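Take this structure first; my questions come after.
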């Protein structure tokens, strides 16, 4: 069974899956990695994004087009969520990790239930012409169902990363978590910078949602299964290293695919975390993070 | 009528959490309740349902059933959905000697062997091992020698796969590939490649809805050998409207287990009337509009309880149980007789082949001919189309 | 100080006495089923708080320790027929060992990384259980508990009493940690690790002690669970809900003293139990979500902060 | 000079490729009052971190009472008698002033009543009125005093005060100096790092000056004040 | 005349009142020192002007080019956009980004963004050390280096008024002199208006035209250079709260 085509195909599948994981983790990379808000509700927001995409595809739109349309409402949703978050914590001056976690946990319960009331708890999936066929290159068979979502990730990640590292509002976003007052001193409104960042993070959820629902069907509670993996990716990448998270996600994807192919798929959920624990033990600051 | 204390029937249903897609069963309970009450109740007493949400978690079950029994004073209990959620309640009913109808828990009473427990589902005796036997009977008839088995790492699928492997052995088939995969696996391409490498003639799959979709799509993407005669077996999902609708023609050729399909051998006025009333409610609640798999048997559970109560003229667990053990009961799913541990005496799990599906319209599934019954022979409405690749293309 | 300890001791004796007497006074078993869950969460919240509250290291992996306790005790009971108290003890020991291992692996890193690493523990343990057929794997394993001893009227009451004892022991342990030099060291670590180290506090060793104690309590909380449900399966033993409740409850009650987690667990677990059997619909979870949000919004320091100052602190 | 209590041999510390400190050789005599000056970024705080064990030096050894302590963790060094205050005060928040002092007492194996010891040290730095206040409530001066008190309470043999007087007024500086002098009289070696020149000059028996991580001059207060190199790099005259 | 007036300003933290009816004024291109001992409320006052601390009573009015604006109701970033700038206590740099990014960030608000290049060049010219280290991550610089960066940063918003909180804290004498020189130059060359809090007042009063002494939360005295040489003793007594 150790044939070269199985190995190659496993690696390619791993890369594609990893790339989808990176999509899921991108928003968390901003809220948790950069703003240090442990937004445990992010995977649920991704599921909400998937349902948004699902709804539009029912009217005959392509999922990617639907995701692009979703950017604006999800950006606004993020802005509203952050406004709520900051309103809750304003009087206290700031939230600690514990309180934020609890708040976002509560929020994710609420979103899950709203989704399940709105869409029912049945699995929903999208059917598009390219889903179900594959690209064949030599011995490689690459399903479009994975390929298309996997291509979304590098594009979005590159866009977000360029925005964060090359523009001044990107610098402001990177700065705000560390020293809010530095922004005020610069004549920038820290609250609106954070709202904006949260909006961007939430907007990425709709892209990730499109990727998720193209890969396979989803139901309102599907986000729970992703929480661990996306946090692992953000942390291993070194909190806030956006390109790093793509690399880590792909490493995890490949490892999972190899374990499935050669060992047994039932061991693969442990893989992301075995990598996480190992990574943290060897390089506590994350693979791409600067020493802190 | 009004003076008497109502008969209370208690159940927990997974309204939320991963098993929430089974909550359409509750409509079955409610239709039954409305029907009995419209017909004057049982023993001249009204029937009242007490239903709690177990959030798909076994941890909630003990307290819920104690509440149902000790606080709400229910006379009859329906179990939660499936074996994992039912397991916590088995010692409880055994120890308290209570009467319960089991809901879709495969082999749920095999350990406890409680004599007041009755399955509403058509698993039949030895269900842990035998319930998917139909698939292997078909395979044997096709002369299959090599079989591959894969299953989700969840209770139901695991039992199905384990039973399947035993039956395969019994029939002298070689299991060339046998692997389980974790829940929520979304890509099966490497597994399908590994299966192809083993060159099987039949593939038995025990999966849950999300993976069922991924497997069917994966097969389409990666391709599968023309030697494969049977594909499917114990896939949960292609019984539900959601998957039938989203996969549509991709399902053609699949041979899969089922509990009810609208084929001529099963269609009766009673069950037709059930679905006529079920569908509008389901549409309103946003649950599966077809509801073939689960809801009829929730109605059946009610009918079993009703028969036990009226037959024994009491709500005494021992008398009710004695009646069900002694008498076969007419239900919308046919006549049911029970063995000593509450299994149906006769296995009535269907193996159906999906055929002639065009487009994603759900209404076509209400017509015969799309879910052809291959097994059991008593209900058979057609012959297997094989190999899979050919059946798929048709 | 002295007076407080005497009061606490009196409280412990009263609660223990109630734990043994209640089953004879209150006939309805439902309260013992529900009460068991509430007490289980009191123990979980208390155990979590030893590391999370006192030392400020947030553990997402409470379910990992809990599940380890559940499976260990189920295994020991079904294969060796070990009596429940020994199962609990064994679970506590294994929990402590797991805690130390976890600590060694991740404690050198700062808080937030530690938190995420603990998330991993749950998944790794769950994967292992899934792949060991002796533990029933995904299908789970039925556990038919022992007959309760004569002094208890029934199994649900017996489980309840056992849980009372575990909860009281855990709270007493947490209180001792809090007022002793260990608690002081941990609070120093929480404020500034460097400053603590330069004051002679062996920070790593102290954190390992906290990990061990916390792990022991969390695992002990899981030990009677197989007998409560008569059945164990990985999904519920390693449930995300346990990990999140372990965090939410101390937060709602307050993390600085032992009282906080107790109050938080009593409150939130009761609300959850009541909601389950009253609001029987999706709205139940919606309600729990709303309660969490409301608490964070309106009582961010926890309930114990709402009532006056911290008690039980050394004053000259 | 008396027998050195603390002795550094070739101690060096790099951050990446940037050498922040060393190699440095330095002896501190028992009961000595040593002042350390140097421009910003010259490596003074880094030196302290190497002595106390917060950083592991990249080269060289640190000896305490003749014993090589380079491999010991910070808390072991603290228990041996090396105490420090932090440039930016780091009170143990969430604890009272009194409890702040109990921490070193708990862990440094001090004989006798902890209660009395803590009270007398708090009195000696003038924080008696604040004993049961939470440390979050202290003013800047009080925080500095608390830093000192916490360092003193464990009966150290060497006390390192990292800019304990920055931001204090003249009167407050006098107060802190008095505390340090009193401590020194009881036989404790005091290392004072400070930019407030007159305080350093008044206090120190010996002053050393750092520049870009190296020790460039050493001598009495007046020698240092006259030292041409020091004048150039530090006073800028 | 362009100026900043503070009238009867009171402020505090929760129940603690720190400032009581403080009044002072600052005229265009003037350098004023705010002297006071530790904990007397200098930083509180400066933070009030910038809106970081909310006043409980009183007014802060910016009268500039015929427009009067009450600052007490504005957010800090709005006040900065009116042309005020601060070098805060504790520096408040963004620790995880480079020196240059810290400066660029400060120069990125919409009002001054188009002059970013000139502003940056001006900062590097004034503080050559920063040019040398412009790629270094801010938190890894020494205390003194960070102080210089904080001052440079305040220039990036092209302010009319700079408010400086204890620039000499933790700086070596040589650097203090450089910093004060730089500040003086800012005033002389760029016609900047400066309010500087200090407690080591010797150097501060040398370069200031006026000085207020803040003690016990209110202004004890005002000294003017035009009144002749200011006696150190007198200042010291005022700072201690004696009249």
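As written, the chain order gives the labels A, B, C, D and E, with residue 1 at the start of each chain.
One rule holds in what follows: contacts are C-beta pairs under 8 Å (C-beta built on N, C-alpha and C of every residue); 3 or more make two chains touch, one makes a residue touch a chain.
Everything numeric in this text was worked out from a predicted model, so none of it was measured.
For chain pairs D-E and C-D, the one joined by more C-beta pairs in contact is C-D.
With each centre defined as the average position of its C-alpha atoms, the distance from subunit A to subunit E rounds to 43 Å.
Each chain gets one centre point, the mean of its Cα atoms, and the points for subunit A and subunit C are 31 Å apart.
The distance from the centre of subunit B to the centre of subunit D, each centre being the mean of the chain's C-alpha atoms, comes to 75 Å.
Looking at subunit C, one finds that residues 127, 130, 282, 285 touch two or more other chains.
Contact with two or more other chains is made by residues 16, 153, 180, 182 of subunit B.
In this structure, the chains touch in the following pairs: A-B, A-C, A-E, B-C, C-D, D-E. The part of subunit D that touches subunit E in the complex is made up of residues 15, 37-42, 45, 87, 139-141, 163, 166-172, 195-197, 233-236. Listing the residues of subunit B that touch subunit C in their complex gives 15-16, 51-55, 57-64, 66-67, 69-71, 83-84, 87-88, 90-92, 95, 111, 153-155, 158-159, 180, 182. Residues 52-54, 73-76, 78-79, 83-84, 86, 90-96, 98-99, 102-104, 106-108, 115, 118-119, 131-132, 150, 154 of subunit D are the ones that touch subunit C when the two sit in their complex. By the touch criterion stated above, subunit B contacts subunit A in their complex at residues 16-18, 20-21, 23, 153, 179-187, 189-191, 193-194, 197, 209-210, 213-214, 217-218, 220-223, 237, 240-243, 246-248, 250, 285-288, 360. The part of subunit A that touches subunit C in the complex is made up of residues 36, 38, 88-89, 92, 95, 97-99, 101-103, 105-110, 112-114, 116-117, 224, 227-228, 231-232, 234-235, 239, 264, 266-267, 269-270, 272-274, 276-277, 280-281, 284-286, 292.
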